[in-house]
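Same chain, two partners: subunit A is paired with subunit B first, then with subunit C.
Coming up: the complex of A and B.
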């Protein structure tokens, strides 16, 4: 599903990633562990077409497509999902979970009916109470908001989902800074 | 600054991880977790350990832990007035030159070594002879967090050695 061979990433004279290789099979969960500045996010940014090809070398494939070619970017982006660390980056708190989902689904060209059907399936898996589906998100608990954020990342049924610090909340970030 | 997770909201973190596992099982979606949180290792099939832009390891956490001395068997000691001097003394335990020590608390260290069961009674005796007062001791198997710390520590030490050799 994801193949990385001899990946080097360089910005100016500074080499950020050194000869990284790995293979990920379909359906695997991979944890990228490292202290800040270890290179976790940089590798993910290559996989998600966020780093210009002039800054990296090596063989990279995501769902059989290489981010090296610009013409593949939209195809890759349609096959990957992203869940940000902070829920507020992909949620509108004044809108309901269903309307949030419909809003994001429209950016993938999905119609409302299909988006709603997939959303409801995801909400059931994620134990999001049915009586909250049509109420403003701001009334939900932090955990429920996080789960809606996960559902948004999966609404277009991506092959690969990237999650940035999924277990860290805004509160944790604040606590770590104090 | 590093994110600090311990005791922040453990229940919520486990909840997120269990839902990710559930989604993965039901949908078969490949997932990448970019994280500082070592507890996430509980649900991953493979852990990628990165340091300074290099991929140090890419394997299942059970396989990684099994490469530790004695397959990751750990002795946790609470030691009265623990300090660096006492830790350095324990490092000199003659029976197991491959001894690995991590300080995990003010008075607590964890020790890994080759032939764990054979050497543990000798280690306790050695500490007593050296005047190190052990308040309590327990045995466990290393968690991924410990593997990660040791692996990073190993690289730090290698780098320090190279720098020293360069300066000579």
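Coming up: the complex of A and C.
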């Protein structure tokens, strides 16, 4: 599902990643561990088409498509989910969780009805209180926001889900479930 | 014992004051360091005000120089008369129209753009042509020499000169009258004429007497200024403050789609804004010589140029503060060079070039043309505004496509 061979990432003269290789098969869960600045997020950025090809070398495939080619980006992005470390990058705080979900779901071509149905299922699984679904996100607790962010990453039932520091600080009692 | 406790207390409160002072000094140092890092803001905060004053000084340098009033003369005067006794025609050698023309050319306060001899068949539509020139702003005043001008002067009657000033800008009517008085003074002195002169004024493009003059006069400047300002302010933060854009870009959504959606939404909001503003203005007694639809479209175009400027600032800025500061810098220059404070014609040539490139310098003439002169929307100013907006839209799309978003 994800194939990385001899990945090097360079910005100018600075080498960020050197010779990284790994494979992830369907159904597998893997995690990156490393000190700050080791390049964990950079690898995810290559896999999620955020880094220009001129900055990296090696063989990379995500859902059998290479991020090296720009024409593949849209296809790759429609098959992956992403939950960033900071919720503020993922959520519209003035809108409700349902509207947030609908907004992101629409980018995958999902209609409002279907988006709402999946969102409600995910909200139940992620234990997001029902009385908060239609209220502005800014009124929710940190943990609830994090879980809405997770729901956004899962809304289109992606083949690959990237979680950047998913259990830090705000997932409270749900961290172990993640 | 009590004294010792007191001295301990005094010592401790002194220590607290000292600590508090130290903290304050460190906070101040930190603020300076933050300011130093934010170079764009620092430059705008320190460099912009002096730059504005310098700009104003440059604008005003040539403001005291005389800008002659551009006039066209339409003469109905004829030096051929019918003799009432025997119905024969007489031609005198004196032609006071030519002499008055010399006086106009001699006057430093007037610039003769065109002379029409309406008594000849060649210039049969002289007045109509002159009126079109007046409406289009190519001239500021029409001087009409009546049919019996020379005859009256020869027979010792007071001379009559009719003038038709462009009264769409009431602030400058007196300047035009003074300039014409100057030409009459030269004419009298050069030709040693005794008779007094009667200046008959027919105001063209003025506000009808049943409408509020000061309200309507203010609206000519206020409407484009307000709509341009409001539409810019509304859009300067829409891109820069939307943090989830970077996450949206990890879906199949494209940068151009995100920006286009913003343009569409704010363009619709602008339509409502213009509709509300116009409705309130009309309800309060706005005189519109032209078409209301044209006025709506003109104001919409002015607002759209403002919207495009706001979007451009929002895409080019890295932070909200930078966007606000950049907007202030742009807006102040646009306002200063719009002709509201100093007429563009009186600015130095290089500033005139900049002024005519800016949107608001074209917004006011369109609105004024429709409100006071009954002109249509299509013309150079409209196409210029359209062009500026198109350029800003293209630049905004190019910038956002180059902009790096990372989650």
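The working rule: the second predicted complex is superposed on the first by the 168 of 178 C-alpha atoms of A that agree within 3 Å, B and C clash if a C-alpha of one lies under 4 Å from a C-alpha of the other, contacts with A are read in each partner's own complex, and residues count from 1 in each chain.
Basically, a contact is a pair of C-beta atoms (placed from the backbone, for glycine too) under 8 Å apart; a residue touches a chain by one contact, two chains touch by 3 or more.
Remember, predicted model here, so these are calculated numbers, not experimental data.
In the superposition on chain A, contact is made by A:92 with subunit C only, not with subunit B. A simple residue count on subunit A separates subunit B from subunit C, and the partner touching more is B. Once the two complexes are laid over each other on the shared chain, residue contacts for A:65 go to neither subunit B nor subunit C. In the superposition on chain A, contact is made by A:36 with subunit B only, not with subunit C.
In the superposed model, A:74 makes contact with subunit C only, not with subunit B.
By the touch criterion defined above, A:45 lies against subunit C but remains apart from subunit B after alignment on the C-alpha atoms of chain A. After overlaying the two complexes on the shared chain, residue contacts for A:107 are found with subunit C alone; subunit B is out of touch.
When both complexes are overlaid on chain A, the residue A:118 reaches neither subunit B nor subunit C. In the superposition on chain A, subunit A positions 164 are in contact with subunit B in one complex as well as with subunit C in the other. Taken in their complex, subunit B has these residues touching subunit A: 1-5, 8-9, 12-13, 15-17, 19-24, 26-41, 43-55, 58, 148, 152. If you check the complex, the residues on subunit C that touch subunit A are 243-244, 246-248, 250-253, 405-407. On the side of subunit A, the complex with subunit C involves touching residues 45, 48-50, 74, 77-78, 80, 82, 84, 88-92, 103-104, 107-109, 152, 164. The residues of subunit A lying in touch with subunit B in their complex are 1-2, 9, 15-22, 24-44, 47, 81, 122, 125-127, 142-143, 146-147, 150, 154, 157-169, 171-173, 175-177.
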